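Okay, so chain A shows up in both of these, paired with chain B first and chain C after.
Let's look at the complex of A and B:
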């Protein structure tokens, strides 16, 4: 028998994402422009915050030549972060699956490939090298001009240099990519506005292709505490992860292994768990068979005596910063924010924060702003868990907000692991625990708004009543005075004051 | 200055998808079970069809132990395909980004990683090795028991064997994974049903955890012509692809380079294009600078004198097979299928086929079945372009189908490149050209249904009329006969026949 059999080949990670770039949000010249800006800005914000520096990120986008869209654009992003060590710099931007995001820690980036994808997209559409400069000490700056060798997934350095940094530390990336700003403009500007809302302590500027600069100044002086890296929680542990812990461990007993390597597992709980599930606490972990490791992982999953993951490793915005950010960017009449207590899904801690804004410069209708680990999510709204909550799970009538009220709802989910459904980070899956927290937070915020509005409306009623008294009481007083033949009217001002409303002068 | 700087690390492709398995559809034990079945079945169908063998695919799913879901299941898939060469077998199932799907050719698989993901998921949830057996010649069978070394992205062979194949060629995969069949059942059964609809020439069987076997027998004896690999079309070519063509090319002139390496570009068109865009046809391609390659790619993109990609490389089902598949699985009263002429988006050819089924065993209401390269898509319906078309772009009233008619719409898109938005292949992006073809096909199919229904209803009217004639004419004839005093009634049968309806006997 002789049949045509398929030809097999191996491709590199760069090659995979080169072929399937729409998976990472690089679908067309408009979307790709948006994605490139966003990936670089998020890298900059993550870097600055991880070093506790208040971020200053400057972005500029200049067209090349004067053709029509889509056309080549030069995108440059400069930050004041801690910079990248020159040893890592070429790989960090020229190698897919090389990065600093592969830890259990809250960060905007999660897949560790956004920056490289932006550079890769620029290269395949314009064939231009990228320029990267970075300084870690403010003294020396290192620069590279490079391409990505897609077939081998490695940077191809064309030129390198170093010079005085003049006190600047941070990273600067300049690349050329084919883009369509005419179509992308609205999303890009919205992205900056919402990013500013989510990072009210940052300075963000964007110089558009016509040279106009949009600046978002910091509204507050404090930063939320930075997220910390954390150990894995037993409920989030799979067999592979457990096997790695065992292999890397120096501990001689199972008991010690558990309480030294797992989140929220101390010596006492570890002992209780081991006795409950029938493992010998003194067993040498390195002697466990494959079957025993599997049984141990399963037992860790199912044991309900562990404390839930704690959220001290997370960095929510906090009600105060969220209110400041929303008020600054939306210029509303009223805003309230609700931070839910920490919760967890499959061993990953998360915190949900929700703000509700009302009136002021808001337009009529309910608008949703979605944030996840301080990233604005602007695409595929109707697939997001927050959309599901506000359209399906809120009984809007009970809050008596009137017809078509001018409301914005801002949701923020932060977690060591946001359950995105695409590498492009467009929307969050409807994980039931996250859904529940969102629902509770939105309801609480709407209750507060409802309370504010009913107070405001009773104030207005009182005001109207007072206006009527104010108009007629003087007349009645005068008539009464005349009827009674007395020379002085009764003191009606007290009556009005009794309504709890001050008289107008 | 000394600041905390991020730690950099490289991870392997296996590691990336291990950490982000929900990107490939392995979200939870229910979804993962569905995804694993589907990925293995699709590999089997692709393999058999590529060798022009009518597929026979047998799937069985057996629980391990008698616990509650989620629990370990043993999943086994056996096909009659051409088999995998023993040299490639371990990599094909134990290495992410190693596969046979990296060509410009219509196939169910696109990302070349589904089978490996299923094995990887099984391993991290149950720590069990996978068993793979394959025979390419019907004489010898090669078998492997192996794990995936996730950190290094390579197969870890535990055992290998070979024995007599006894005439069987094909591939057999058996793996253990944590699953939740209780929740997955409905989708799994639906997946088989719709797969059978899309491959009416295949034999599919599924033995469920209770030992019940669901069989889908072939309804037709013919297979559509197999898809062929094709050259890239100039409109789908990016700079990177062009650069590779130039590097690999043996041609000495730009003219020859173009007409030998591009789809639908012959010597004449190549010459016209080169003269139009100002390139020297006799130029040696290897002397082109980076800037010139970029300019050439751009010119190729923008030139509108190329023929559109032709679809002879595609393998649509055809109206006949589609009708047979739908009739077999949906048991409807009426079905019609529309195959649109080939079209293209960004240089990729595609064909849209739509069937509309009505009545019979269908329930009231409009139901959508989505197929892409013969794969049923069962998740995220509301994000799909076909959903958008039938909910937003069809004026249902004009087809006079009555209230809540029992209708199913089956859409099939085939292309060398389906614009999926996730690695899990859940839904197709709303690419405008695809959207337009879908709209036209659905409208045409609905027009035909509408025509059928109006013919049916006038037939019914005629039938009713004829029934009345049939009842009263004999009486009238008899009365007339008696009134006229004649011995024989007039021949009223002709009158009834004049209504175009046969008399009942």
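Let's look at the complex of A and C:
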């Protein structure tokens, strides 16, 4: 009996994601709808922010036909970003792993494949082309109607056009995908609300399948400083990345290679490291063997003489913007935000920001909102490191907030690499350094809340005391006047004014 | 012997004015007014051997208008003083229930009648005078009968005189009688009896004439107005007061309260009659007269034990009879004398008792 020989074939990245779409959050019609919206909105926000433009992102979702969910929906997202050069436009949306996000700086998406995944998912569930329009100069607009050639990972252009842009610059994407809005609705609306919280300088609007429009207006006029691109830090370098650096490097010596290509590594530190690890500083990098590269990578990881990565590649919101975002979306009585100083794990810099909101329209109980690189994380809350911190590592009684206080905790982790536990980017691993920073930030914010509440209660107490005195002292004055047979009541006002201090007789 | 009631009235008005003046001046000086009231807690009630009554010890509690928890009660207390001041000035009387409702005019509502009653006791304690002195009277009433001429001081009756033997049912000891001045009497003693039935019998049998007695019906545990009346009869007219009760621990205690005051009224002095004498029915009388009797029940025995620890029962006739009761464990009512005929108690028992009283 002859056995069929196993076929070894290379598959394209498009093919790979087509076969493993659940990895990217396209598991079912409800989740896929949410993920598609999210990926496109995040692309738009990243694009506008990278050009220092305050984002305006308008999203609409219309059902096709009037069947029951799941059914085809037309999803359209328009932004006011810098637009995409017409030459790159088809590839930017029609090819997996084509993008501008391969450098090391904080951005929502890592590889720019989310938008393409959404298009891919639309295509495989409805077999409909995607429409993309973009203008970079506000004068001319270029449009494409296209499909993705999954097998060859390339766009298949069906139609192209150009017309006047009428002053608009940005990108417009319209695709048809199978979705279940009935199920996704709650998460979608929550996504917009939390995104607005994380980007208080942006305008976001969402028109739902019934034509109702939810608008999130900007609350502030400023944007956080943009992140700067940085070189990789030696602690965050793996063997493959090191190999690529060596291959692309023009430097002739190992010493020069290190101090020219690594973050926070100068000639002195590079020399110290090389002597400490026993590598020849004058060695030509291109002559290193595979084994030597592996040993070098390990040595770079283990050497503790490097300076920690700096945070210029990060773009935290800052306490002021975070407070503004939380206040506008949660309409709370009190909010305070804590931005921790930059820290690093495994060579990746990160900053933790935490806001604590109290009272106002908040419901009783502690709610957690998780943001990572300004992306709301809505799924798998209880697996997240922030959940672990607030449920296990905070001694709530210490802050004297009463039973079941109306509190929301908003955590924001910024990093060039968020340690997500899954490809779906929904929850952050309990990395000890991040956990520590979260814990400190939450504690500091709760301390401030506690301080606010005790000040408030002592003010209220003083006011209440004063009110009670105002009520009774006039009566006492009057009765004493009558009893003493005097013609006018005694002046009790100085008692009310000076209340709180009892003089001894 | 006129003007006693008027003097009392003036004294209370004076104390109220003094209270008002102190509060007034405190406020003017920018000091939160407060009062010190002697504590009525059980541990501060002591038996004063010399005064032969319960009195409050030296401990005091402060009621301050500065303390938010006391401010309301302080205001209510001052209101009550003001209210009483008006009652006395306008010669009106009122009841505990009136007090409860009257305060509502100032939005100082009491949560319940108990709170209101407690406040009245506060003012009694503060002034050292019974509430009858500031014209707040209890509902319960008892009666008096005998040859005593009094002159009313209440509005509309000022100067009018009446003899308390004019009406065979007796006269209610209410506000008018309590504030009346004593004018004249031919009586030589006061007989205070526990029960209305015996009171009527005494009137019918002309005890007031035969024994030159003023007869008082205490109607059970004597109200304070009645105790005060007995004291006045004793002090102002110099009449001995003799007390007749049922022959049981409860009856003994009715007499003891008249003599030595009650723990409840330890904050008020001068409503007891230290010289009054309990003349019957004693335990020894039950045996001696072979009175129809019933065995003690559990409550009777318990009461007997309590009285055994009471400072008022540690000497004299009280101790003697208590021990006798403890041996006898039986009780007899005043009506038991009917065994020997309806008038036996007047014809035979009373003369004997009057004789015995002289040696008490």
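Basically, the second predicted complex is superposed on the first by the 467 of 505 C-alpha atoms of A that agree within 3 Å, B and C clash if a C-alpha of one lies under 4 Å from a C-alpha of the other, contacts with A are read in each partner's own complex, and residues count from 1 in each chain.
Basically, contacts are C-beta pairs under 8 Å (C-beta built on N, C-alpha and C of every residue); 3 or more make two chains touch, one makes a residue touch a chain.
Just so you know, these numbers come straight off a predicted model, no measurement behind them.
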Partner chain(s) touched by A:304 [first = chain B, second = chain C, both, neither]: neither
Touching partner for A:465 - first (chain B), second (chain C), both, neither: second
First, second, both or neither for A:483, with chain B first and chain C second: second
Partner chain(s) touched by A:238 [first = chain B, second = chain C, both, neither]: first
Touch count on chain A, higher of chain B and chain C: B
Which of chain B and chain C A:475 touches, first, second, both or neither: second
Which of chain B and chain C A:66 touches, first, second, both or neither: neither
List of chain A residues in touch with chain C within their complex: 465, 468-469, 472-473, 475-477, 479-486, 490-492, 494-495, 498-499, 502-503, 505
Complex contact set, residues of chain B against chain A: 1, 3-13, 15-16, 18-20, 22-23, 27, 47, 50-53, 82-85, 88, 91-92, 95, 97-100, 102-103, 110-112, 123-128, 136-138, 150-151, 169, 238-241, 243, 290-291, 293-294, 297, 380, 382-383, 419-423, 429
List of chain C residues in touch with chain A within their complex: 16-17, 19-21, 23-28, 30-33, 64-66, 68, 71-72, 74-75, 78-79, 81-82, 85-86, 106, 108
